[in-house]
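Read through the structures below before going on.
Here subunit A shows up in two complexes: once beside subunit B, once beside subunit C.
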Partner chain A sequence: MAIREVLGLYRDLDSAVAAADALREAGFSRNEFEVLSNAPYPEGTFGEESGIHRLFVFPLIGAACGFAAGLLITGGTQLSYPLVTGGKPLLSIPPMIIIMYEGTMLGALIFTVLGVLFESRLPWIGRALYDSRITQGYIGILVRTAPEREARAIEALRKANPEDILTEGGKTGQQPARG
Partner chain B sequence: MQERHRLGEEEITRELLRPLVTTTPMMWVGFIGLGAVLAIFVFAVSWMFYWGLGVTGLQRPNMWGFMIVNFVFWIGISHAGVMISAILRLTQAEWRRPVTRAAEVMTIFSLMTAMLHPVIHTGRPWRTLYWVFPYDFWRNLWPDVRGPLVWDPSAILTYLTGSTLFLYTTMIPDMALARDRTIGWRKVLYTILALGWRGNERQWKMQTIAGFLLSGLILPVFVSVHSIVSWDFAVSLVPTWHATVFAPYFVIGAIHSGVSAVVTLMALMRWLFRFDHYIRLEHFDAIGRLLIAVGTGWLWFFLLDIFFAIYPQEARELEIMDFRLFQWPFNVLTALIFIFGYFIPVPIWIFQRFRRNVKIMFWTSILVNVGMWAERYWLIKPGLMRKYEWTFDWNWYRPSIVEISIVLGSFALVGFLLLVFSKIFPPISVWEEKEGQHFAQQLQVGKRVVNAIVREF
Partner chain C sequence: MATHSHAHGHELQRTWELAPSDVLANGLGWLREVGRRLRTPLLICFVLFVIGILAIVATPLRQGFANRQAWTYVAAAFLYLMSTAAAAPALSTALRVARSHWRRPVNRASEIWGVTLILPFLLYLLLLPTFPGTEDRLSIWFGWPLSPWLWGAILMLALTGAGYLFVWFSSVPDLAIVRDHGTPAQRGLAAWLSRGWVGSHRQWRIYEKVVNNIGVLYVLIYVPVMTVLSSDFIIALIPGYFTAVFPAYFTISSFQAGIALTIVTMAVLRRWGGQADYLGREQFWALGKLLLAFSLLWFYFWWSEFIIFWYGRMPREISVLKLLMAETYRWPFVLSFAMNFALPLLILMWNPIRRSIAGPTVVATIVLLGNLIDRIRLTSAAFSQPDSALLGHAHELHEIPAAYVPGISDLLILVGMLAGALMLVLWTARYLPFPSVAEVVGGLWLRAHKPFKHARVIVVGKPE
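So, the complex of A and B:
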């Protein structure tokens, strides 16, 4: 099913919050619109958003991989060239722990960053409505909805006195809020 | 924080991106001055590569000299950056915002500079790297994992990778900001680095969680790194090196020198970039209080190291500890470490009016690092000079002009890289400053209105 995007740009927080409320009143669920800003706001400012993610799994997987790599390097290199030094055991556990520890942490760190990128949907190379004024401090409300509801979304966004409304077809321009 | 100025979004952006677009005369002086010292550094290293290690003061038994001392020093400096950033993020300390980015960058450049030293110290680094990297699978011969010289690079590389990823992750929103405001090569660079960041709620949420998660993960690594660096010395049998207290002692020493270096950096950023609205006196006050605790902790371990050497009453340990504490020139060095590392700065930091004086904080932080560099030398050299039991094996270490140039050049290298970074990337996190403004509130308490901060858990 085709999805249409509408982006409302607001100069201040109050207008953006009003737009989010207007969208909800017009029957749009929280999953159908997202708020774009240049810095985070306290959670719940724009209403509850779906926050399901699996970021916490990534470091665990990374740690397991890093541990395995550390074990392989330390154990494998000692066993593949079995040279006894100073009558010590071939597999010297304490130094292996050091390398395995570093491997575990390295794996966890790398996978955490990969997880952050994955869960943030980055790198983003798809097409989506965006406006550089968002990084200047404007707040964007991006609605993704069915084509037949696009007009209703624009109407709801206009209620909160937007600076601009952008659609996939181009600008619809700022409209004064209706009483 | 109580002294926060209410600044507009545009004002914050313009002020924090200013170093990227304007180069003040002081910055030019910095570039030229540091560049000149850096040129001497490059010449000294090239000279050493050409003529060999004979141009240094290294000789038997002093096979580790200024370069290894400097390596330990820079590893130490690298510690505070991520420590400050990670601990302050985890505890949601509000005063972290202007400090974290510069501290993280300093960690990375210090680590890179530190890593350079053991490599160039071998005299023929291309041969060293040939034998150790990458692992030679073909001949089935491997570096021995029982040796601390394998643990050391594994720890440092983990820390460097983790710190770089940590820094990059927190920089993505600022890359998007720069992407939307630049043209030409800068726009291409920032577009690539921003990865298509749009700033939706999910992305901000991931940023926040990433800050906590990466902080939690990098802290154990930071503790492990200097512990492992200390084992380069402590697992040997050289008198006064062979001490169990070395790992925590090195870590606390690293924090002492590193946090002081952050103070130096904060003062320089305030002067160079005129970031008075962001790096405020309350930040110096807070970090000064932290330094009192860290400095006193370091003093405790400094004394413990001496105590542990004396307590077993082993003749060799006592002999070398006597050499370190009471014989020229190490007696002077001991006094200098005490005075510069603790007895001048810490009593000064006790007074709030001094903690809120940028010049005093700057100079005391420099003093600490002079003391801490001397401490590294004091820890490493005396034991090595008297490593063997027979007096005909004893020898003095006299650093050559080449080694002195390398040490001075390493400071220029870190400074130069920091300046270059601040010309390409915002030295203070713009989005975190704006977040601080978003989270700042005014709270009615009785008839008064006081400043407050929204804190999320």
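So, the complex of A and C:
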């Protein structure tokens, strides 16, 4: 299904929150729009619910894999090439600990990288509407919706007095300059 | 003006009364000015670094890896960088995890030192061939195959990777600002490093969690790395030095030096970097308290080790004490004791000094020098032992070597490697706004100064 994007740019927080409210009132679900900003806002500022992320799963899986690899290298080596140990246990735990710890940390690190890339959608492969004024302090409300709902989205965004409205066609819904 | 006075004489830092646009303007102002300001220091550091590299080639490399003593100051530079530059990002993690707001302008000053990690990593690779295998000597590796070379290198690689990942991800939002509004020279690299960052709600949510997670991972790797390094570079190279406390001492004193480095960096940024609105008494005071606490811990761990050797008084223990503290390296030890513990305690115990900007800065400078002297003392003592003194699982230091007196090339190596680290920091500072716009602006929503009767009080928001 084709998806159209509309980006409303707001100079201040109050207008951006009003735009998010207007979109909800117009029947847009929270999944259909995204808030873009140059600094983090407290969770729920725009009426969003705290979503679920699976970030913690990645380092856990990585750590488990790394630990298993470390155990395999150290334990496997000693079991595969058994030495005469004079009655002592074949597996010598202390030297294994360091290498297993290394493996655990390395695995956790590598999988954390994968988790970061996956969960934050970095690098962003697809093209999305963006405006460099967002890193200048403007707040962007990016709507992704069906083509037939685009006009409704623009109408809702306009209600909150935007600085600019950008669409995929490059058309801008410029507002009169405010004092 | 960095602070506002009010009726009761307390001062509230101006940072939290600024508008987001002020913070952004300051960050962008830094980016415009930084290239011109840092050109000369960058050039000086580069020249010193090149001289340091030439000194390594001319002296230790020419003498070969078999002569470990020739590498003493390469090792001292390595351990000092690991104790200071590599420890600073760990402090940043601790402050992030504590979720305090005063730390927001501080984080960048400590995290930026993570970019230097490539230098100690390369020095480590260079030093590895000077170590004999561990099959026939006492070490933390228990003679495991390919130790210390392969396994130590993997640990260092993991730390270096975690450090760069931490610096990169914590800077991504600010790199996006540079990408969009930096000078043309700054934009290329910033665009590449911040590819895909649009500041969406989802990205911010992940950002805060990931930066904390990677920081914690960094600390979890840093502590065992320092444990292994203290063992490989010091304990295992001094026969009869049987201690379980030294790695803890080594790590704690590194955290202390990491705090000191952050304070000195903050003082430099405040004095010459136009950061007076962001790095005020609140930050220096808070870190001064931490520095005092770690100075006390320095003594605690040193004493815990010393008392065992002192009461044991076995011949091997007496030899180690003579080598490290009582005879051969007596004065470096006295200086180290004074600069890492006695002076910080005697200065920072006074409230007015601790609550100032100059007090913690002076003490931090003293600690950085004290840590350098300590690392030189330990490395000089350990690297004086030939392989023959270690092999056969030697349990005692039979002959106490003379003190190692550095030559000109040793000093050039030390200065050159430290200048190299500083060069990397200065170069990175051209691409990152000071203060961190994302951190400080993110804190503006959560902290405000409000009137309360005759006073003005700090109101802190806790969204979680």
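FYI, the second predicted complex is superposed on the first by the 157 of 179 C-alpha atoms of A that agree within 3 Å, B and C clash if a C-alpha of one lies under 4 Å from a C-alpha of the other, contacts with A are read in each partner's own complex, and residues count from 1 in each chain.
Keep in mind that, in the parts below, contacts are C-beta pairs under 8 Å (C-beta built on N, C-alpha and C of every residue); 3 or more make two chains touch, one makes a residue touch a chain.
For clarity, every value in this text was computed on a predicted model and none was experimentally measured.
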Following the superposition defined at the top, how do subunit B and subunit C come out on subunit A, clash or fit? clash
Between subunit B and subunit C, whom does A:Leu106 touch in the aligned arrangement: first, second, both, or neither? both
Applying the touch criterion given at the start, work out whether A:Thr85 contacts subunit B, subunit C, both or neither, answering first, second, both or neither. first
Touch check for A:Asn31: first (subunit B), second (subunit C), both, or neither? neither
Contact-wise, after the overlay, does A:Glu119 reach subunit B, subunit C, both or neither (first, second, both, neither)? both
Indicate the residue numbers of subunit A shared between its subunit B interface and its subunit C interface, in ascending order. 34-43, 46, 51, 53, 55-56, 59, 74, 77, 92, 95, 98-99, 101-102, 105-106, 108-109, 112-113, 116, 119-125, 128, 130, 132, 134-137, 142
Under the stated contact criterion, what part of subunit A meets subunit B in this complex? 34-43, 46, 49, 51, 53, 55-56, 59, 73-74, 77-78, 80-81, 85, 88, 92, 95-96, 98-99, 101-103, 105-106, 108-110, 112-113, 116-117, 119-125, 128, 130, 132, 134-137, 142
Interface residues, subunit B side, partner subunit A - complex: 8-10, 13, 135, 140-147, 150-151, 154-155, 157-158, 161-162, 165-166, 168-169, 172-173, 176-177, 179-181, 195-210, 213-214, 217-218, 220-221, 224, 228, 431-432, 434-435, 437-439, 454, 456
How about subunit A: which of its residues touch subunit C in the complex? 34-46, 48, 50-51, 53, 55-56, 59, 74, 77, 92, 94-95, 98-99, 101-102, 105-106, 108-109, 112-113, 115-116, 119-125, 128, 130, 132, 134-137, 140, 142
Contacts from subunit C onto subunit A in the complex sit at residues 20-21, 24, 140-145, 147, 151, 154-155, 158, 161-162, 165, 169, 172-173, 176-177, 179-181, 195-210, 213-214, 217, 220-221, 224, 228, 437-438, 441-442, 444-446, 461, 463-464
